[in-house]
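See the structures that follow.
Next come two complexes built around subunit A: one with subunit B, the other with subunit C.
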Partner chain A sequence: MKTTKKIDPSKRAERVSWMLVTPLACVLGFFLLLPILTIVTVSFWNFNEWSFFPDFILDNYVYHLTSAVTWATYLKTLKFMVLTWCFCAVIGFTVAYFLAFHVRSLPVQIALFLVCTIPFWTSNIIRMISWIPFLGRNGIANSSLISLGVIDEPLEWLLYSDFAVVLAFVHLYALFMVVPIFNTMMRIDKSLIEAARDAGASGLQILTNVIIPLAKPGIMIGSIFVVTLVMGDFITVRHMSGGQSASVGRIISNEIALLQYPAAAASSVVLLCTVLLMIGVMMRFVDIRKEL
Partner chain B sequence: MEPRSRSFYVLAAFFTLFVIFLYGPVITIGILSFQGPKGGLTFPMNGVSVHWFYDLFEQQAVGDIWGSFRRSFALGLMVMSVTVVLSVMGGMAFRRKFRGSSVLFYLIIASLIVPSILVSLGVGLIFNILDLEVHWATSGFGSQLTWTLPFGLLIMFAVFNRFDKSYEEAARDLGASPWQTVRHVVLPIIAPMLIGVALFGFTLSYDEFARTLLTAGSYNTLPLEIFGMTTNVTSPVLYALGTLTTVFSFFIIGTFLTIVVVMRKRQASGGSDAGSGLV
Partner chain C sequence: MTKQLDTKGISRRSILKGSAAAAGAAIGSGAVTGFPTIWAQNIKDVTLRQFGTGVSNINEVAAKVKEDLGFTLEMTALDSDSVTQRAATQPKSFDIADIEYWICKKVWGAGNLQAMDTSKIKNYDKIVGTFKSGKLTPESVIAQGTAPHTVGFTSGPEGTDFVQEESGWMTLIPTIYNADTLGIRPDLIGRPIDTWAELLNPEFKGKASILDISSIGIMDMAMVVEAMGEYKYPDKGNMTQEEIDMTLGIFTEAKKNGQFRAFWKSFDESVNLMASGEVVIQSMWSPAITAVRAKGIPCVYQPLKEGYRSWGGGLGLSKNLSGLELDAAYEYINWYLDGWVGGFLMRQGYYSAVPETSKNFMTEDEWGFWFEGKPAEGDIKNPFGDVMEKAGAVRDGGSFYDRMGSVACWNAVMDENRYMVRKWNEFIAA
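Up next is the complex of A and B:
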């Protein structure tokens, strides 16, 4: 019998894995986990005009949750989220469907896919600003509508309105739908579609009975992105509504601006719970590890 | 090949509209940035000039654009390197299950879905309580990593899920040590994907706003500087800046994609040297 003190290979492998993930765990621990724990702690602290200090009070939560403004703002944010999600889902699905099933050569598919993803790697703020000349009072949209005779007066609700906010959200986040849906669609076995067609299914039936069910994980992953990005947003809403619309993120950023950190922390905890709850429900429909 | 159906043309039209929707606004500000010196924020063009680009180079007119660009560039490179290295290490570790792997996996996913402003606020609070000074290269750097790392890791997970293990087995059979296998077999094979991770790392950092907002300290990064400008600059100089940064982003994306294509070509052409040593 070999009794030399050789380390069990599986234990050794585990040790190597741990060594490999240590830096990663440290970064996420210090810059993600610890900040969240700090926010939870500080949300029970007290504050005055110039500082905040340890305490255990529930006032921050009571104030946040009993304020009518909070509830109205949550409603508004949900409205933004639902509208954005609908548009992103429809656009994302259609674009991905076109790329995956109607474009026949792989190089063209990859090229068109890149055309869709490149804006994702450019600045969101610039992409928001770039709507100004288009939607403004004397912008392209208004002047072309006037010259076409559709309207007489420039539309006031194009820029700095809820319309502009949703438009910007869709513009910024539609990619987050296109990419995962395209990814799942590319893995659908084409012979399934042929089989459906041979069995006499119409194009629409193939879409609703074969493609949509198989693309569901991609739709879910895209939805998770869109929901979290819209729920936590504060700058798109501020910028595109001209400061007129509120969102949950803006409540937090306003409280931060007023240096009311414990209040901001309590609002953040409520937001985090809301988002996690939504994601928790969505995660039930998809196993992310299987989708990679 | 069967002829194109009618739905193809409808969908192609939809796709074209989507692309116009994506790029139209950016192209518009590209054109408007050449607005004449007396031109405004919208059409019509009031002459054509490079006046607003010229303005950008005058420090007093618009604040510290070049300083913030330098900081963003440096930060982008820092975030990029760390993202690539940690993503490869993480990707390799996650190829087999280890104790705590699912906890860490959910932490990575959480890093994506926690609203950015929470990271910003949390890191800001920690530095505040510990009486440390927030700085773009410390707190800003760490906060941005929580955004770039999950992307890098998810890409690496996808890469290793498709990785053919027989290459490593072959290397091991030939007597390569684990490190040699990684260095001479695994890394060269995944190299093009690493460029992809690097692209994500750099661009996501270079454009990051929300997570850097409370963690950059007194020296702004470029997106923060631009956002500051949106509230008080109402001349096409804003468009000129937008055009320049977008062109810069396109340049970076183009460079990375070219590197990927070249690497792929090399891999394809240099594939097998079997038999070449026998002559």
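Up next is the complex of A and C:
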């Protein structure tokens, strides 16, 4: 039998490593690389009203990159992204700080952390849609404000506006900030804070010189979540802006709806490159691998 | 996940809740007319897969098919864009396509549908003229846009072209159609509305809406632009690039001035916008008006002096159908035109392609109200049993001939469609 043959232990270990890495490589290959390669290929194809066919044209990219709409839309999407990121970062950091440093007992910390995840028990579309009756012209927000005498006329900008879009984004994605920041904060050695205090640092100095630098990897992981989620979104923008705002994701979804698959593929490739570039820049600030 | 929102899923589900009892009553109202005719037992094993835009993809119809014809009809409801996609790219995923005529113009060339032999259609002679010669009555003027008869016939069994005469080979068998106009909230407007131009009236700033489906929205826009006296189109259904720029230019300006509260893409959204009072005037579809009224909120499908924007749908057969399944499909189409479905749909405010057979499945009062435009003598109920109109009410727009006789244009696909779509996206992003 073959198994009787003696194998060099180091070779054996190498083989085992290859075998262990194979399932993940296959999964990533089939479900990530292959689809992306397909999208890149199709982005050079041509199309008509009802079909698309192999070709090598750059028109899809040329049109996408030279259209004023694309630039306006990217600008708008970036605006949503920056606003959402700012609010999520502030809220996420504050909540995580409270959980990690103000709450002393571990069971309470865990309980409060679980409370944060309760909204995730429903679908994010439901969480988003439920803002609509709340913010509407005759919605709860406006009618309460009117009955309190704060305003006389309903506030029109509450719904179907950029405000509504950012509000929904922050609501949907703040937890993606809380979790990684809380995680890194929990691993900050409490004696470091004591040492800083003993050395005469004020509360603010401890925050800026000790906690924020040590929580950076968490902030960065949260930021990557928020940035990629907002950049790729198409449904929140459509519903919360009442269809009046565009986002990059909506351009792609419109093109798919109109059977312009190669154009949609080209737009997707451009979006993918943009997001990768942004993440690349963010990685320059923090070496997540080193810090983890 | 996201598709769910765009389809009619939510509203259909709520409709279906109350429908079981009503369906019984509806079925009871018509005599069974001796189907099936041709075959024996093996028909029971046939399953036909139909997909369409939800207006006629109603589970009651599938249940009635099982009862009358014996075979199974599986229905899938999608939004217009998804329907177009599927008809064009996934011919093996369906047997029967329930699509609109403008979609037919887009996808017929892909060759995924087969022409239908009109000699096998029992009620072919009774189909209204709109779908054959294009003329409702001999005096009618043919409206602009993709009029159904222009894409209704092909040259032969293998045809991928369109011919302008009754060739004996139909692309789609017409099933339902209607004349669309603006929906308004009379209680919040408080004065008469009689022209499309009112959509851009600054009086309704921040309270207007238009639908975000380019092929339909552009036609509504054209009606408004003409009504405002800005421009008279030689053919609204086939604009030049300059005309497209001009039309969307007017609307982009209005959008920037805050005229629109929102744009809607699915039926449910239009109902919510109107019912919540976010919008008081908007493009709307007939059953959406019904849905708003069913909540006890006044809503009028306002007839306008410039006329209606009309649409029509029909059933197309997949290229892959043959043998027993093809026979079953013809049997289904014949049954469809035989009246029960027509009556069911007419009680929702649509019209049947063969109205006279539907009459047998409606009460005298229902026929008078929905088709003849007469005042209702008793309560008018929808097919699901909800009271829609009290005695004395008259249908908005009047009789079939008043409404379908004042069609100004049909939903259309233009030669410059690709350009128009790009400009439309710019308008949405503006």
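One rule holds in what follows: the second predicted complex is superposed on the first by the 265 of 292 C-alpha atoms of A that agree within 3 Å, B and C clash if a C-alpha of one lies under 4 Å from a C-alpha of the other, contacts with A are read in each partner's own complex, and residues count from 1 in each chain.
Just so it is clear, a contact is a pair of C-beta atoms (placed from the backbone, for glycine too) under 8 Å apart; a residue touches a chain by one contact, two chains touch by 3 or more.
Keep in mind that this is a model prediction, so the values were computed, not measured.
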{"item": "Which of subunit B and subunit C A:69 touches, first, second, both or neither", "value": "second"}
{"item": "Touched subunit A residues, subunit B compared with subunit C", "value": "B"}
{"item": "Partner chain(s) touched by A:254 [first = subunit B, second = subunit C, both, neither]", "value": "second"}
{"item": "Touching partner for A:159 - first (subunit B), second (subunit C), both, neither", "value": "second"}
{"item": "Which superposed partner A:244 touches (first subunit B, second subunit C, both, neither)", "value": "second"}
{"item": "Which of subunit B and subunit C A:264 touches, first, second, both or neither", "value": "first"}
{"item": "Touching both subunit B and subunit C, residues of subunit A", "value": "123, 125, 132-133, 136, 138-139, 234-235, 239, 253, 256"}
{"item": "Subunit C contact footprint on subunit A (complex, rising order)", "value": "49-51, 67-69, 72-73, 76, 123, 125, 132-133, 136-139, 156, 159-160, 234-235, 238-239, 241-246, 250-251, 253-254, 256-259"}
{"item": "Subunit B - residues contacting subunit A, complex", "value": "1, 5, 7-8, 11-12, 14-15, 18-19, 21-26, 28-29, 32, 41-43, 82, 86, 89-90, 92-94, 96, 98-101, 104-105, 107-119, 121-126, 128-129, 142-143, 145-146, 149, 153-154, 157-158, 161, 199-200, 203-204, 206-207, 209-210, 213-214, 223, 226-227, 230, 238-239, 242, 245-246, 249-250, 252-253, 257"}
{"item": "Subunit C residues within the subunit A interface of the complex", "value": "1-2, 4-5, 81-82, 84-85, 88-89, 106-107, 109-110, 206, 209, 212, 214, 255, 260-265, 272, 276-278, 417-418, 421-422, 425-426, 428-430"}
{"item": "For the subunit A and subunit B complex, residues of the former touching the latter", "value": "13-14, 16-18, 20-21, 23-25, 27-28, 30-36, 38-39, 42, 91, 94-95, 97-99, 102, 104, 112, 114-116, 118-119, 121-127, 129-134, 136, 138-140, 143, 171, 174, 203, 224-225, 228, 231-232, 234-235, 239, 249, 252-253, 256, 261, 264-265, 268, 271-272, 275-276, 279, 288-289, 292"}
